[in-house]
Amino acid sequence: MPISQPLDVLAALIPDGARLAIPADYAGVSMAMVAPLLKRGAHGLHLVCVPTSGIQADILIGAGAVATVETSAVTLGEAGGAPAFNRAVKSGTIRLMDATCPAIHAGLIAAQKGMPFLPLRGLIGSDILANRQDWRVIDNPFADERDPVVLIPALAPDVALFHAPAADRFGNVKIGRRRELATMAYAARSTIVTVERIVEGDLMASEESAAGTLPALYVDAIGVAPGGAAPCALWGEYETDTAAMRAYAKAARDPAAFADYVAALTGEVPA
Amino acid sequence: MPISQPLDVLAALIPDGARLAIPADYAGVSMAMVAPLLKRGAHGLHLVCVPTSGIQADILIGAGAVATVETSAVTLGEAGGAPAFNRAVKSGTIRLMDATCPAIHAGLIAAQKGMPFLPLRGLIGSDILANRQDWRVIDNPFADERDPVVLIPALAPDVALFHAPAADRFGNVKIGRRRELATMAYAARSTIVTVERIVEGDLMASEESAAGTLPALYVDAIGVAPGGAAPCALWGEYETDTAAMRAYAKAARDPAAFADYVAALTGEVPA
Amino acid sequence: MSAAPGASPREILIATIADLLDGVRHVAVGASSPIPAAGAMLRRALNETEGKPPVRLSILGSVRHNFFTNGGVELFDCAAQGRIDAFFLGGGQIDGEANINLVGTGTYPETDVRWPGSFGSAYLYFVVPRVILFREEHSPRVFVPKVDFVSAPGVSDPGTFRTGGPYALLTGKGLFDFDKERRRFALRSVHPGHSLREIEAATGFGFDHAAAPAETPQPRAEAMRLLHGRVLDELAETYPDFAASLKDERAAA
Amino acid sequence: MSAAPGASPREILIATIADLLDGVRHVAVGASSPIPAAGAMLRRALNETEGKPPVRLSILGSVRHNFFTNGGVELFDCAAQGRIDAFFLGGGQIDGEANINLVGTGTYPETDVRWPGSFGSAYLYFVVPRVILFREEHSPRVFVPKVDFVSAPGVSDPGTFRTGGPYALLTGKGLFDFDKERRRFALRSVHPGHSLREIEAATGFGFDHAAAPAETPQPRAEAMRLLHGRVLDELAETYPDFAASLKDERAAA
């Protein structure tokens, strides 16, 4: 099996209805996989934003591929709010699972560790907690007095999807200090990674490079997609394409312009 | 303040009775700090072995510096059992808190995350659990049927002590892929590190080196001690000194020879 | 102490933040928060000048001001460990009990207006000792009697684990302290050019105040000197547009 | 299948382990376990020769066979994720219900004989599907009626979360299966040169067995060829002394 596969083959590995974990805009977003997913007509996805998302979630939501959004935020950052997300919220076409950043991390880490749940401080008295029927509050059994603490159940994505600078031909992936990418992969049943390039040598061979490497053990499929995070930034590689981000934001505010944007993205002739 | 300090100054930062976290023999043991600790007459230490220990714990125990050992194992590996530890167990001169490796990790990670406890699978029906009055068993609140699960309380060491290849002059420390060293530092109230050398440049400056770096934020004191893990190995630097390890094992089996070993180590004239 | 007459509103905000941060060792700032970042940089510069302990500044999303190597979770772990003394939170709505709403207006989940979401607020508000609520827009739509959605509550029952919470509220019009016992804001000072009457009209909740509240002090000369010296240079690395506009403003003053 | 006549006891152990590992994708081996490591390397080589799926082998403490980059906790996380199919455990004592004792003999905590400790056994025994109990010394002091200290229990009540447990017990004299329902070992085969009578005398607990148990099969010729070819080379990287002694043994046979 070649180490990298075409992106449409990877898209077929993300089934409809999958619980799909995606990283925040600064961590390595596989924007390259958005068009292949839409082209194959993905729908019913349950997005797990780790711990927030931006343009990737917004496009997938606007294109009707998403049933549920589990997130601490969806925003285009300096380009403003996420228009398709906001429309979907108002019209009630997606199920919302609002969280707070460390709760998303806690759920993934519980899955990573085979723990049924993790406790998390904070949250008590918030409407986030009030709306999460899947969370529990118990009394800390180690406290002498009453001490309520929230329990976050393990959150095991079906698929983790992200973009990284490089993989080697053994399937090891460079994640640098973005350890949440490793957490996503540990927790998920399968992990799909797009990369800028395949490098020579073995990323596990030296202590130096191994420290920033996700071992192949946790990587199920790799695709090569140069510039594959754009218009999001990729750490150590390129900055956010602010103009492209603002252009998207402008288009997404108008449903017809959004449809044209998606058609152009997926290579269809706009109506 | 100079970035590195003399080892006897560091030894004074580890108070009697401190809960002292030390890594396993393969991870980076600060053997260099054993003599300074003994010279200053350290006693009543509560060793937290992450998750096991070897010659370092054995010498400290044999020299009477230790009151409590919290560990998943103490062994000299290929050089055999840990003689001073074994004697202390038999004579009841140390308090034992036997654990299993992931329970030690879980306790530290709970402290790292400010969580009051972490749940851990396994353990049920073991005599480890039966002897740990500080652990609890609850029913998993997310399960439909009865599902007992052990809770490990947060384990926050007073001091974490380890040896690493390098620090930079900003106080950042190279830990490579030995992430448990970071966990120890996150969890501990203070962290003391000995290193082979101080390097030029900033370990945080590149994505490459930052991935294997413990930020200065978590490091309270640094000492320079070339060969400071010996006779234990230091990853990427040197192998275990098997002859020295066997020589220690031989000496430690005899209390008088052990006393001579310690006297030589601390630079006292043997009796 | 001499004042630099005619400091701009933004300069006053920055200097006020630097004052609020007096005594902190480590302050974290969100990615797109140039005024809090400038205030924190000014605090750091003042400490150096005054021979006080160094101040560490983490700017989330910045590569240069990133002291973290353990991914996105490290900020929260670090705060849980008590290693972050101050943080800034805002809110689409903030009410008189210091509850903040970052989710939206109307009835959840199908809110009329949706904002991005709560981010880490529901955690950090509980564990960072000095949370500074910062919102420039001071209007009745922001400062409401009761938020429509509590992203994070301003106060908690005595039995609830909480080592952090609201320390002050800074707006474009004034500076408030928060009394946790009384669950109520108190106006500490009114920024130059604004009035108690104006603030009352723009605030949807009641708050304590003196009959004639103090005016927010002008930045000290030393603060202005540092702000327009090294702080502007440091700011320019992460917020070039903001730094340029502050500079232009001063040149035009 | 032709046999290599006169395989040594250690060769038979290695080949038996390779058989027990048939079908695994990822096997982890402790640092000072050359025989399990050799068995796992042989399994990997056999799978390649036979066109079966690749086998991943993690040797704890080895730099070369280390697929981990998240520190000491990763083995346990990896096992919890179901990514480790087989592991080896030993024990100073092992009893008829497959309980293992790695702590000591006598009354805890002031045991008469103290062993190193339980390591990760109290966890891995619960979550690795195929745990192979391996102890060369087959004597009544090892195989006791009831262990003095349960580092990890062989079986658990139905309500206890457990995805792993004992799969087989391999000693210097024979190979046992374990029946979780009956909580009892059954002798599968006796190694060449040993007898049922001898095993009964050396085992402090009762076990099931045929009237005339099978003999542990000799390694197939292909297995012997691979063992003394690439497996010996691979072994020599991590266990040079052990590899050399296996080689000498064969040369002398």
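The first chain written gets the first letter, and so on, giving A, B, C and D; residue counts start at 1 in each chain.
Please note the rule applied: a residue touches a chain if its C-beta (ideal position, glycine included) is under 8 Å from a C-beta of that chain, and two chains touch if they have at least 3 such contacts.
Keep in mind the model is a prediction, meaning the values are calculated, not measured.
Novice: Between subunit A and subunit B, which partner chains are common?
Specialist: Expected: C, D.
Novice: Would you mind telling me which chain pair, A-C or B-C, is linked by more contacting C-beta pairs?
Specialist: Here the pair linked by more C-beta pairs in contact is A-C.
Novice: With centres defined by CA atoms only, which chain is the most remote from subunit D?
Specialist: Result for the farthest chain: C.
Novice: Taking the mean of the C-alpha atoms as each chain's centre, how many Å separate subunit B from subunit D?
Specialist: 30
Novice: Please tell me the distance, in whole Å, between the geometric centres of subunit A and subunit D computed from their C-alpha atoms.
Specialist: 41
Novice: Can you tell me which residues of subunit B touch two or more of the remaining chains?
Specialist: Residues 113-115, 120-121, 147, 149, 177, 182, 210-211, 235 of subunit B touch two or more partner chains.
Novice: Where in subunit D do residues touch two or more of the other chains?
Specialist: Within subunit D, residues 68-70, 76, 80, 127 contact more than one other chain.
Novice: For this structure, give each pair of chains that are touching.
Specialist: A-B, A-C, A-D, B-C, B-D
Novice: For the complex, which residues does subunit B have touching subunit C?
Specialist: It comes out as residues 111-115, 182, 186-187, 204, 210-211, 213-218.
Novice: Which residues, counting only subunit C, touch subunit A once they are in their complex?
Specialist: Those residues of subunit C that touch subunit A are 31-32, 61, 63, 68-74, 76, 80, 102-104, 108-127, 149-153, 156-157, 159-161.
Novice: In their complex, what parts of subunit D are in touch with subunit A?
Specialist: 26, 56, 66-70, 76-81, 83, 127
Novice: Report the residues of subunit B in contact with subunit A in the complex, numbered from low to high.
Specialist: Subunit B reaches subunit A through residues 106, 113-121, 136, 138, 140-143, 147, 149, 151, 153, 175-177, 207-212, 235-236.
Novice: List the residues on subunit A that touch subunit C in their complex, please.
Specialist: Those residues of subunit A that touch subunit C are 24, 26-27, 50-52, 71-75, 77-78, 81-82, 85-86, 89-92, 96, 98-103, 105, 109, 120-129, 131, 145-149, 177-183, 235.
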